[in-house]
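To keep things simple, chains are lettered A, B, C, D and E as they appear, and every chain counts its residues starting from 1.
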Amino acid sequence: MRISTKYWTLLFLAALIAVTPFFFPSGYYFRVGSLLFVNGLAVTGIVILTGYAGQISLGHAGFAGIGGYACALAPVHWGVPPALAVVLGAAVSGVLAYLVGRPILRLKGYYLGVASLGFGILVAMVLNNERALTRGPDGIEVPDLGLRGLLKDWGLNLTNGEFWYVVTGICLLIGAWIALNLHSSPTGRALRALHGSEVAAGTVGIDVARVKLQAFVISAIYASVAGSLLALQNKFITPDVAGFLHSVEMVTMAVLGGVSSVPGAILGAGVLTLLPQVLTVFAEYEQLILGLVMMLVMIFLPEGLVPSILRRLRGRDE
Amino acid sequence: EIRIGASVSSTGPAAFLGDPEAKTLEMMVEDLNAKGGINGEQVELVLYDDGGDANKARTFATRLIEDDEVQAIVGGSTTGTTMAILSVAEDAEIPFVSLAGAIDIIQPVKTFTFKTPHTDRMACQKIFTDMQARGFTKVGLISGTDGFGASMQAQCKDVVGDYGIEIVADETYDPKDADMTAQLTKIKNADGVQAVLNPGFGQGPAIVTRNYRQLGIELPLYQSHGVASDSFIELAGKDAAEGVRLPGTALLVAGLLPESDPQKPVVTEYKAAYEAKYNQPVSTFGGYAHDGLALVVDAITRAGSAEPAAIRDALEATSGLVGTTGIYTMSPEDHLGLDLSAFRMLEVKDGGWTIVE
Amino acid sequence: MLTVEGLRSRYGRIEVLHGIDLHVDSGEIVTVVGANGAGKTTLLRCLSGVQPVSSGTITFRGEAMTTVPAHRRLARGLAQSPEGRQIFTNLSVEENLRLGAFLYSDERVGKDMEDAFQMFPILREKRNLAAGGLSGGQQQMLAMARALMGRPSCLLLDEPSMGLAPIIVAQIFDVVKSLKALGVTVLLVEQNAFGALKIADRGYVMETGQITMQGPAAELIADPRIREAYLGI
Amino acid sequence: MSELLQFVFSGMTVGAVYALVALGFTIIFNASGVVNFAQGEFVMLGGMITVFAHASGLPLPLAALIAVAVTAAVGVALNRLAIEPARGAPVVSLIIITIGASIFIRGASQLVFDKQIHSFPAFSGDDPIHVLGATILTQSLWVIGGAIAIFVGLWLFFTKTLLGRAVLATSNNRLAAQLVGINTKFVMTLSFALSAAIGALGGVLVTPITLTSYDVGLALALKGFAAAMLGGMGNPKGAFVGGLLLGLLEALTAGYLSSQYKDAAAFIIILAVLFFMPQGLFGRKSTDRV
Amino acid sequence: MSLLEIQGLGISFGGVRAVNDVSFSVKQGEIVSVIGPNGAGKTTLFNMISGVYQPGAGSVALSGEPVTGMEPFRLAQRGLSRTFQNLQIFQNMTVLENAVTGFHLQERGPVLADLFNLPGSRRRARQAEEGARALLARVGLERAADREAGSLSYGSLKRLEIARALAMQPKVLLLDEPAAGCNAVETEEIDHLIAEVAASGVAILLVEHDMKMVMRISNHIVVLDHGEKIAEGAPAEVSRNPDVIAAYLGTEAEHADG
């Protein structure tokens, strides 16, 4: 039963990704779609860390920054092809998450929050200040992935927007599939258990420190890949991707949609990606309305969009 | 109908650049339409706020081009957002006039990208020329770590050798910092320092200037064009700002310009209109937007067409266009079209700007 | 004194109290017994106002209580020693007791606290310790003592003997009896049904959200169904 | 020597600013366990309202008073309209509400006020005090004094008053707090009013030094949060010491090591402290047993 | 053979000795009860044995191997399992999942297998779930399997904890007041369960204030007071000990629920 829920979710998501483009009035919508998918991917990582394992990170943008700058720097400085740079960035993020996570994951709640915040700020600071390498706060160009050209040679001619829509859409589906697999797997259960009670988790044999670290590393890799995809499609990256605001944005998207639910997180990413685009019609009222919407969602759907709505629907059936 | 797109940072860390830019653009388009538009066609301005975020700026650039189908883009309040817009505009072959400072925007020259503010490199050159004239050979640098400050810091270090000047102290501060006395104390104690230069914008330079006075540093202080507005004097305090020099534009000293100055009518008119409409003092930054739109309007008028390619070609052929920042003459090698003469060395005297001759 | 009529309550969409009728007369000790999950705790939560009532009424000393907010009910005389103890773990034992008398600032507070220490000397010993550091039974004593600090005229006790040593259990039942002597009315929920029924005047049996039996305590003790289902004899 | 002293003065000035913000966090945190991310906006409102009230001709003290009162009212409104209706929501959701509120307040301020940078005159003039070759602004003394006063006040409130303990009880166990007769709604309202007022007062004190604009809140909140965590969230002593320490660390790093990486040094020290003291310098250990 | 052997165990909190020099052992299939007044140090003793607290003094051996101060999860891997006086339920999971978590040591595998849903991971999860359902039936919670654990009543939660601890198929099982919050009939059910488990060869250490239960099922009783062992022996012996009566049982309590 659980398995079918998982595949229904994925199927629904895949269908949505495949069908909506037929209703896009212009190429710009592909851009928004691919942004949504990239954010959704990063936020899915937050679901694993915060939703499953209950650990807060206010520094995950740091990993997105590493993923992004890997794509900017590795091809230029070391001749790594951009696609491999994504993997390299993920590897660096994973290792760094491991090294950073070991000491800081002993901390709880807000203390973990501030420690991870410190990590994120350190990354952003290096990206800002090491001008010789990163070209500083104004950002740096990112080489082309090259895949689109390849596809063209094979006769598949996509616009830039379409191409990235497809690539990020596929990545999101894979990311969601993995996160959903994890949820009801032994490791996922261990994560959710330590969320409930670390002491009890220890007494049933869960190596709390270890699985927490696994969750941290996995979610860092999600953020890193999302950062890479963003950099590659923008062909340009600034240290802002690693900034505190971006970290908070990820957490906000996750909580808004429902932090323990993968579809919720993706919906949350969708809302916060689309809203600023929709709100442009309100010009200077944009911020005001954005804040208001966030508050209203949390007041009326306190567990986030998807879990709260599901609960209501289920409640009605009973 | 002609559609002109704009993405500026009306909110976020660069809001006080983007805010006057947005207001200026809206005001000018309104005015333009009231006067019958360009070549008889009405102009529609599609304006977005990118909040200073490069990623958002890129999305809005895509939106402007693909969805709103604009024929030209003005905007990019900061170098970061400009770079994000730039690649979209170049790919789509839409002319783009940037309002940001860094020299990288137009060097090397990109086919469709132009810009209105002086480059940070020019600001450095103007300042060092002045320092050289005053006989300084050792200076201290204190820069903001924002894009503008960091970029100008790098450019200044690059050109400083040409003027026989040596940088003996090189400090930075975060744009949101509340106190810079620690950095200034280090500069003050640096060996033989004769003057101090502060590249940066926002409140940082105002605090630097106040701390400068607090510490009783007697050396001449140079600011950048990033603070060129009356509010700088107000924020730093008249006493503290006294004697501060910076490379500014005609706009700041509209009243002091001789009648013969070709910029006089342009700046006076813009200043009057803006201040009447918004009840706020003009700033150099609004002036950049003024010039950006003026360049586009001029190009369309001359081209007699609003085809992006035609606009681009006409932009590149701009000649002698009088703006608030200077007089623009573009060429295929120069997509800025200003030289050092457009900069005027200003000094604060008795709480107001004066022109140093 | 306390009258409950047709009380219904739910968690989300699941109703767990299906119309409870019950009354406690002034100066009485009344006990409610029932299996795990019968709804005893939920009933007491409704009486204290920390659980929403979906229909039915609660009347206390002639006053409608159903919609009075929880924090006002203590002032009316209703205090509760809740299930799971619910002490302020981060505050000291003494602060816990002081907060029990939050409504009062007269000199009687000191005396009441002295009484509490007399009743449970261990609390005096641990007065400056964060209450979270107490043993389970000590916390249970603290919860009871804190409820008494509120000078209730009607005390709601949710399994007060849970986790207590036999010697203290006996003492708790003695305290309840002595409260009766002082004119305090007690509604007692207990798993130690035998002990509870022995000191109670009357009793109710609750099964899946409904009252299924009631009567004088002595009769209930003698009832074979009760002996088999709850007393295990 | 005078150099060191100057760095210390610089650090204390900045540190007192952080301390003021950090102190603002304590009350709401102590009442609800929520770190109020709109706290920086309270500081901003304190400064901006004073600026505009002063500009409209009111004397500075009156303008400041109005700013504090209005901000306290905003705090109460935030609680009543957004936090109270979401009661029972998980803490993360409440935090997101405060983030939403901070965006909302910023958005509203940019409309009501403007997007320019503002300031008003220092309370006792701009002439610095000279001590052993170093200088400090009189306004810094105001800020430090304000931080000390608020710290002492809060400390007394939480340790010596029954109401202060009721605040702690409310976050520790809301259910039990109601059972002992504490009006938890009122406690929450009071906490938001006080936190907002403290934030606004901070804004009034620091604006002549830091200047203000509609979006200064975030940066202040960030540093204030870090300071509060360094000291131990919820403890006024922690907020005060954490703030000063953070300021000093930054100034000394900027002075002796690198101004580029002064924030990095501060965060590395925070990480190091938390490594050995996972609850911050003065945070209390949770005493829940199993 | 003694599966659990503790020797001179002690710990202090802020100068107060909560447990002092306590020694005893539990053999395979044996039920040893620890009784004593509130605050005697019973739970603290459990916490030291199960690695939640670091003992200040003394040693713990499991199946003859020293395990003093080992982390809880390592002890679990060596076959020690426990329940808690202050419930430690995974509130964010369903009742079934709580029980499945007890099978963690059997169902865990490489994390990559879990991420990519490899057949091994699926099989292990399925087996654990089947085991968990059977256990829930054993403690009478089968109908609550898909409910959120947070919505159970207190007594049901106690039973859920027992099920979770049993799921680990421990060699040594520590039960801290398993019958608290259960009435006499429910307590008897738990009695039977514990006896059954002991009969299957598990060494059981029990803390309980329900004297009827303790007397009924214990093979051996250890009495603590103020952190010290004041008596030990067979149930009948201990219940006659005047010190134990004075400190703990009281005069009438024992017969009260007669």
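Assume a contact is a pair of C-beta atoms (placed from the backbone, for glycine too) under 8 Å apart; a residue touches a chain by one contact, two chains touch by 3 or more.
Owing to the predicted nature of the structure, the values given are computational and were not obtained by experimental measurement.
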Where chain D and chain E overlap in contact partners, by chain label: A, C
Most distant chain from chain D by Cα centroid: E
Whole-Å gap between the CA centroids of chain A and chain B: 36
Chain centre separation (chain A, chain D; CA means) in Å: 31
Centroid distance [mean C-alpha coordinates] between chain C and chain B, Å: 73
Length of the line joining the C-alpha centres of chain C and chain D, rounded to whole Å: 42
Where chain D touches two or more other chains at once, by residue number: 110, 260, 263, 288-290
Residues of chain B whose C-beta touches two or more other chains: 10-11, 145, 172
Contacts with two or more other chains, residues of chain E listed in rising order: 43, 52, 84-86, 88
Residues on chain E engaged by chain D in the complex (per definition of touch): 43, 47, 52, 84-86, 88
Chain D-facing residues of chain C, complex: 48-50, 69-75, 79-80, 82, 86-91, 95, 98-100, 102-103, 105, 130-134, 146-147, 149-150
Chain A to chain D touching residues, read off their complex: 50, 56, 103-104, 106-108, 110-111, 113-115, 117-119, 121-122, 125, 129, 199-200, 244-245, 248, 251-252, 255-256, 259, 284-295, 298-299, 302-304
Of chain B, residues touching chain A in the complex: 10-11, 47-49, 53-56, 58-59, 62-63, 65-67, 78-80, 83-84, 87, 91, 102, 104, 145-147, 150-151, 154, 172
Interface residues, chain D side, partner chain C - complex: 162, 165-166, 168-169, 172-173, 175-184, 284, 286-289
